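In the two complexes that follow, chain A is the common piece, with chain B as its partner first and chain C second.
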Partner chain A sequence: MQIPHEVIPRRDTGLYNAKIGIWIFLASEVMLFGGLFSAYAFLRLGVQTGVDNPWPWGLSVHKNFVWLGAINTLVLIASSVGVVFAWVAVKERNWKRYQRYMYFVVACALTFMAIKSVEYYSKLVKHHGIKLVDNSVMEGTIIDRSDKIEFQGEKISFNLQGALPWVFKDFESGEFPLLTVESGPDEVVGDKIASAAAFKAWHSSGRAKVMQKLVDERRRYRAERDAGATPKPVSVNSSVTLVATAPFKVNADFRRLVMHNATALNYRDGVKVEGKLVTDAVRFQVHEVDMQLVLPTKQRSSVVWDVIGSAEAKQHFFDKQSEKYAELKEYYDKRGGIIPDKQLRGRFLNVQYVHVPIDEKSGGENKSAQHDSVHTSDMLLTAGGGDSEGHVGPSKTILVPRDKIKFMSNHGPRYGNYYGIYFTITALHGIHVIFGALVLLFFTIFGKKMFLENPDHLANRVEVGGLFWHFVDLVWIFLFPLMYLL
Partner chain B sequence: MSDAHFDAAKTKKSFFAVGIALFVFTVVTVVVGLVPMFDIGAPGPDAADIILGLAIAGTKASLVALIFMHLNHEKGAIYKLMLFTTIMFACLMVATIFAEMDPIKEQFDTLSTTSGVVSEVR
Partner chain C sequence: MSAAANTISEVAESESHHEHQIPFWKKYIFSTDHKVIGVQYGLTSLCFLAFGFFLMMVMRWSIAYPDRPVPVLSDWPWFQSWLDDNGKVTGDLYNMFGAMHGTIMIFLGVVPLGFAAFGNYVMPLQIGAPDMAFPRINMASYWVYVIGGAMMFASFFIPSGAAKAGWTNYSPLATVTDHQYGDLFWTGQTQWLVSMVLVISSSLLGSVNVICTIINLRCKGMTWMRMPVFVWATLSTAFILLLAFPPLEAAAILQLVDRMGGTSFFIPTGLNVSGMPLDAAGGGSPLLYQHLFWFLAHPEVYVLILPAIGIVAEVVACNTRKPLWGYRTMVYAVLALGFLSFLVWAHHMYMTGMGPAISSFFQTTTVIVSTPSVILVTALLISMWGGSIRFNTPMLFATSFLPMFGIGGLTGLPLAFNIPDLHLHDTYYVIGHFHYVVAPGSIFALFAGVYHWYPKITGRMMNEKLGLLHFWPSLIFMNGIFGPMLIQGMAGFHRRAFDGGRAYETMSQQVYAEPGSFLAVIAEKLHIIDPHAALTMIDLNVVTSASAWLLAVFQIPFIINVFASAFVGKKVKSDNPWEATTMEWATPTPPPHGNFLTPPVAYRGAYEYSVPGAPRDFTPQFETDAELIAGSEHTDDPDEAAVPVH
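Moving on to the complex of A and B:
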């Protein structure tokens, strides 16, 4: 079937059909991204009240991404230029040139996605933030996944009526202790379990037994009641305790715990692990301190300085702050005004690079290999990259007591509103890049036949694909300053 | 654009010029954003930076829309179509004004930070 108006314009619109189609689609796309940009503006305006984690403005960790963003902007612009030149090439009936330009465009799309993944990777894996109890925030890197609670378990108690206990996923990988059922329903006491698979099988059969018992008990209850007697309440023992022959290691995810202390972990699924707490402190490489959520009067006595434990780092922070304050004062004095509150509470004064010097005497707890991997090998991916005075290089690993931590996370969507909206919009944009590139690639590889039969049809296809591609570029043109610079 | 009078050389020239302009504007955005010397307005980020940043982005976007997407000489049907989207988009942006209409927030800000307290500390 021949689709009408593929090449010859319709008389009423003056356009070929695909063009009207793509513009209707782009109109809906504008609405989609418009809604998200509006959400961005709302979140950003709301952040000043200090409810959320601070916007990462002014963090040098954040500034490093500006370069990635800028390169990506240039890459997308280059690809946009490539598309229009490819279109001109078809108009000039030059297949070779058309194909070259289109491959260039697809290569740009791939480069864009590669750079994007580097950025995602470093945000999700390399960068972490810890918000302390007084809302001061430390930016840096958690070493050795020490956000997990290291625990030595001996005994696990849980209820067989529940689902598979989460704790078995927190075992050190590849290790499964020999467990013996110490107490529980008579049928399972004395059972021995040696592997994860065996545990699963044992759990499901034990659970079936308990359920059967429960059914029997209810039957008995109803029978006794119907006989006119006062029945004994239904009761089935379903709690079990497993004991290990040798202590086993648990790396507990704190988000799955209700509480923990020196001798026990209480999971949210009701499972209790008894044993000995190995370490509860988070090992952290601090790069920056963000005081935007701490009142200026309370900054000097903030808990963050106890945690960092370095008078030099504290001094450096406030020296830098005074320097910047002088700059602000000079600017506003000239204009005869007072410094606005927004500036006083903002990132310019309250986010500073912090370097914790390695104390030679207490070098024991610092593993230099970790510093190397975190600090020197891939500066772009990890640290702030130093401040203007060139304070780069190993920083002392500090131990952050867990009871001082209000919240900690990687720089993923959960870390704050900025990261939430950042990942939403950039991921959606990334999907557009991928699909746009696939469509253009299709026109490049399979377009020859159409080029020979009806080159104007191909030119129209490339134009329509190009319109979508320019739109994707257009979204990024706004995303770049909004997400990285302003 | 299946115009009979298609001038390839002229079209290429304008596309190339726009490409260069977009590159230059991107570099300007980065320099203004990162190099303290070119920071406009008060030291550090402020409203002036946002206005400049968005103005540059707006210029770039217009170049792409007008030249690359041929919106400078398009048929009427498309302008009519995009008019509705533009109105809706504008509404979405105007809606963000509501974020500033919060009397409680004003009080919170005044309570928590006063310039007096800050200068006392220093």
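Moving on to the complex of A and C:
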């Protein structure tokens, strides 16, 4: 059985099946990316100044990718043109030329992905941000770049009614500390637990006891209620605290934590580990300070200056700020009017490159002074290459105390909504590029037989693949201004 | 053609000899034949419908008798782990079943049955196509759906259980839940998202296929305005699926990244989890999720109802022996419904504080969207006027569709306005409203479709007596379920209380004062509820639940009928047993691979019944005037019939 109009267009619609198919499919793709783009708009317009992580306006880290993005745009446009020429080549029955153009298209796709991976690498590995307790943000590079939180635990508290606590999963592979039950349901106080297997057995028997007790309590409650008395509320103590004989090590995954501070880790499954943070500081190379989330009156006394510990850097920041303010004021004076926009001020005035000189010895109260010998080797060129004025220079590694950190991350999707939507859309677009390139490569390598038998069928295939390719290009043309320029 | 039908069927059998060369697995399992795929879709989705119904029956037990152990199920060892120590339904189980009931019924049950099963089987036949435009994509669509459905089903049996955050899966609840289970990927909530992405992909493949087929594979003479209403409805549905599903896919992807990658698209700043602030960047918007979700989920309602209306139109036209009244109007109404369905989504979100301006806009569009629905129902009603109606089982289902859908539609009007919605939001009234649209509405129409096209699919008729035993009790108990819900809802019963709203136990309002209280009175007379106690609103829970279980009992005749009739049903005498006019009846019974023996031609419109001067009371699309006369055995005056009938 032959499906009609597979190759030859239908007379009244003027289309062959696959051509309608691809246009319809692209319509749904438009809606998919449209949904994501509207999410972009919604999230961006919804940023509340002073509360949320801001869109990275005017950060030098961000600006460096504009050129890469621009090159990528050109690469994709070139490949889109290439696919059209390949189609023409098939129509002219020129197999050699067709193949050449198709390889060019696939090469463009590879170039695109290569440039993209440079960007991804830089964002995911080289750039980080730290939000301090007063919402001031430092951008730069974390030197020891570990996402795990090293913690020295002494006590673990959890609820026996829940599932097996996560924190014990970490012990399964490593060393299991010797734990004593300090407090818990009546029957289980004072037990000693020495291994992961013993813990599992203890946990399940303890859990069974607690559950049984809960059932008994409920029955009692029901009986008392049915008897007409005012029943005593159901109460079962199922929370447990284990104390270690010696401090033990925990490497906590941030994804499993609700919150941590200098003395406690709070897991999402309700477990609390008490003790102290081991890495009490993060080694960080600061490039920029972002004060958008700090009230103007609090900026000079911000905790960030204690952390950086360089009077020069602070001076530099506020010098730059007043310089910019003067520029802005001049502009508005000329134009006639007052500086109107809070967000505008945030963008131009509150994000400044901070130069932390290397030879700074008078760090004063900063902890970095004590660790200078360690960090001389870490002096690196700033990855961003400086601010818009072209300051380039080495900057010193500072130590950021853990208890001053509210949130920290690489510039991955977790860092803020800009990065989240950037990675989501570009990754989805990247998947489209790879998929499209694979299909076109298939037509190139295995198309010879069809070229000889029914060249128009191959031309149709290339046309359909090309339409998809144009769409992929078009998405990027929207992505480029949205993600890089605006 | 009916006289020649026997011979044609024989020819078909002799010609289909080479079909036997195809191995079994390729012919019936990984088939590219649109009819096999249609039947596969139909059977799979009926299984999911039954499963979704089962979930609901457990929930109804918890609502009616929250303090008694679940009968039967509490004796099953593997089910006991879900129940509490006394064998009762827990809140968690209720949430899980509730969320999955909605998901399974909508995405794995009604949509595949209406759009994919009937769309696949009937639509290509009705336009005279040999198959779908892309048979292999069609097969892929089915198998992606099966994988997605299987994952959804399997998620019940992983440690976390299936998704519990409602079928709407609102963030941030759905994002932060289930975090106590080790591997975040193997939790019900994540599995829900992944299987939804698969089900959505399946729908997209299907809708691309349907649109291409209708545009490009219509047979000779099948112009746009000769297409049956069902084809138009399928086309409109396909466009809705095509354009509305991707935003949900975007939402699912974003939520997946939120769960697995730690982003905060839908997590607002300062969200507390277990009493502590969440270690995430924040700045996301839960409202964004709702917008993306409802941008799909409102048009989804029309995905559920449009194929149903199409089926009803076919059945009504065939059994009233009259042309459809206002065919063109109906076509435009179907298209308008498809278009307007995209403009009303935020009427689900009046309570989110979007602001009065936006509410007013969506209130207006919601009222406008009811216009085409009313046109469709009215046109069908007028079509019946003055007809000599054959009330066989499909026609009974199709007829009862009209008032049931009418109740569903009209009870929606108070919800369209944001002021009454403040009162009715999240009450049982909402449940009653949309179930009237979907259950006695869509599902009745789908039953009508099964009974109507069954002879074409199997070559045997379904049993009429079992059909009646299926129809009348179903009609009564459907109303027994959803009628009381409307009453309870107006009294303010909240929809998500797993104990059926024990908090309303002391509500002084008596049922007798309410319209529809006769149901409670009947229940009292039948000793289902204690006749001495003062009846309150909460006693309606028992009426509803009992109706639900009885409804389940009366689906048994249908199940028997579907399977047994394929073997022992009365054989059809011709290829066109209902004496219908549309193209699908021109094929041999059952249609072979490739459908038509000779390329079909449409000579006239789809509903030429009782044409004055025609030899018979039906004038099929596929017969030339000469064939018409040859086919009519009871023509008294051949000269009169020879006059061109169109």
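Just so it is clear, the second predicted complex is superposed on the first by the 315 of 486 C-alpha atoms of A that agree within 3 Å, B and C clash if a C-alpha of one lies under 4 Å from a C-alpha of the other, contacts with A are read in each partner's own complex, and residues count from 1 in each chain.
FYI, a contact is a pair of C-beta atoms (placed from the backbone, for glycine too) under 8 Å apart; a residue touches a chain by one contact, two chains touch by 3 or more.
For clarity, every value in this text was computed on a predicted model and none was experimentally measured.
A:Tyr331 contacts which: chain B (first), chain C (second), both, neither?
A:Tyr331 contacts chain B only, not chain C.
Please indicate which partner A:Thr424 is in contact with in the superposed arrangement: first for chain B, second for chain C, both, or neither.
So A:Thr424 only meets chain C here.
Counting only touches as set out at the top, which of chain B and chain C does A:Val7 meet: first, second, both, neither?
First partner only, chain B.
Taking the superposition on A as described, I'd like to know which of chain B and chain C A:Leu257 touches: first, second, both or neither.
After superposing on A, A:Leu257 lies in contact with chain C but is clear of chain B.
Which partner does A:His470 reach: the first (chain B), the second (chain C), both, or neither?
In the superposed model, A:His470 contacts chain B only, not chain C.
Could you look at A:Asn266 and tell me whether it touches chain B, chain C, both or neither (first, second, both, neither)?
Only chain C is touched by A:Asn266; chain B is not.
Would you sort A:Gly35 into first (chain B), second (chain C), both or neither based on which partner it touches?
both
Quick check for you: in the superposed arrangement, does A:Gln352 touch first (chain B), second (chain C), both or neither?
In the superposition, A:Gln352 contacts neither chain B nor chain C.
A:Ser322 in the overlay: touching chain B, chain C, both, or neither? Say first, second, both or neither.
Only chain B is touched by A:Ser322; chain C is not.
For chain A, which residues belong to both interfaces, chain B and chain C?
Shared contact residues on chain A (touching chain B in one complex, chain C in the other): 13, 15-16, 20, 24, 27, 31, 34-35, 38, 42, 46, 48.
Please output the residues of chain C touching chain A within their complex, sorted ascending.
85, 129-131, 133-135, 137, 159, 176, 179-182, 184, 204, 207-209, 211-212, 215-217, 242-251, 253-254, 257, 261-265, 269-270, 273-274, 276-285, 287-288, 291-292, 295, 593-594
Could you list, by residue number, the parts of chain B that touch chain A in their complex?
1-2, 6, 8, 11-12, 15-16, 18-19, 22-23, 26-27, 29-30, 33-34, 42-46, 49-50, 53-54, 56-57, 60-61, 64-65, 68-69, 75-78, 81-82, 84-85, 88-89, 92-93, 95-96, 99-100, 105, 108-109, 112-115, 117-118, 120-122
For chain A, which residues count as touching chain C in their complex?
Per the touch definition, chain A meets chain C at residues 1-5, 10, 13, 15-18, 20-21, 24-25, 27-29, 31-36, 38-39, 42-43, 46-48, 51-53, 162-163, 166, 169, 211, 215, 218, 254-260, 266, 268-270, 407, 409, 412-417, 419-421, 423-424, 428.
Inside the complex, what are the residues of chain A that reach chain B?
Listed in rising order, the residues are 7, 9, 13-16, 19-20, 23-24, 27, 30-31, 34-35, 37-38, 41-42, 45-46, 48-50, 57-58, 63, 66, 70, 73-74, 77-78, 80-81, 83-85, 88, 91-92, 295-297, 300, 322, 324-325, 327-328, 331-332, 338-339, 341, 343-349, 456, 459-460, 463, 466-467, 470-471, 473-474, 477-478, 480-482, 484-486.
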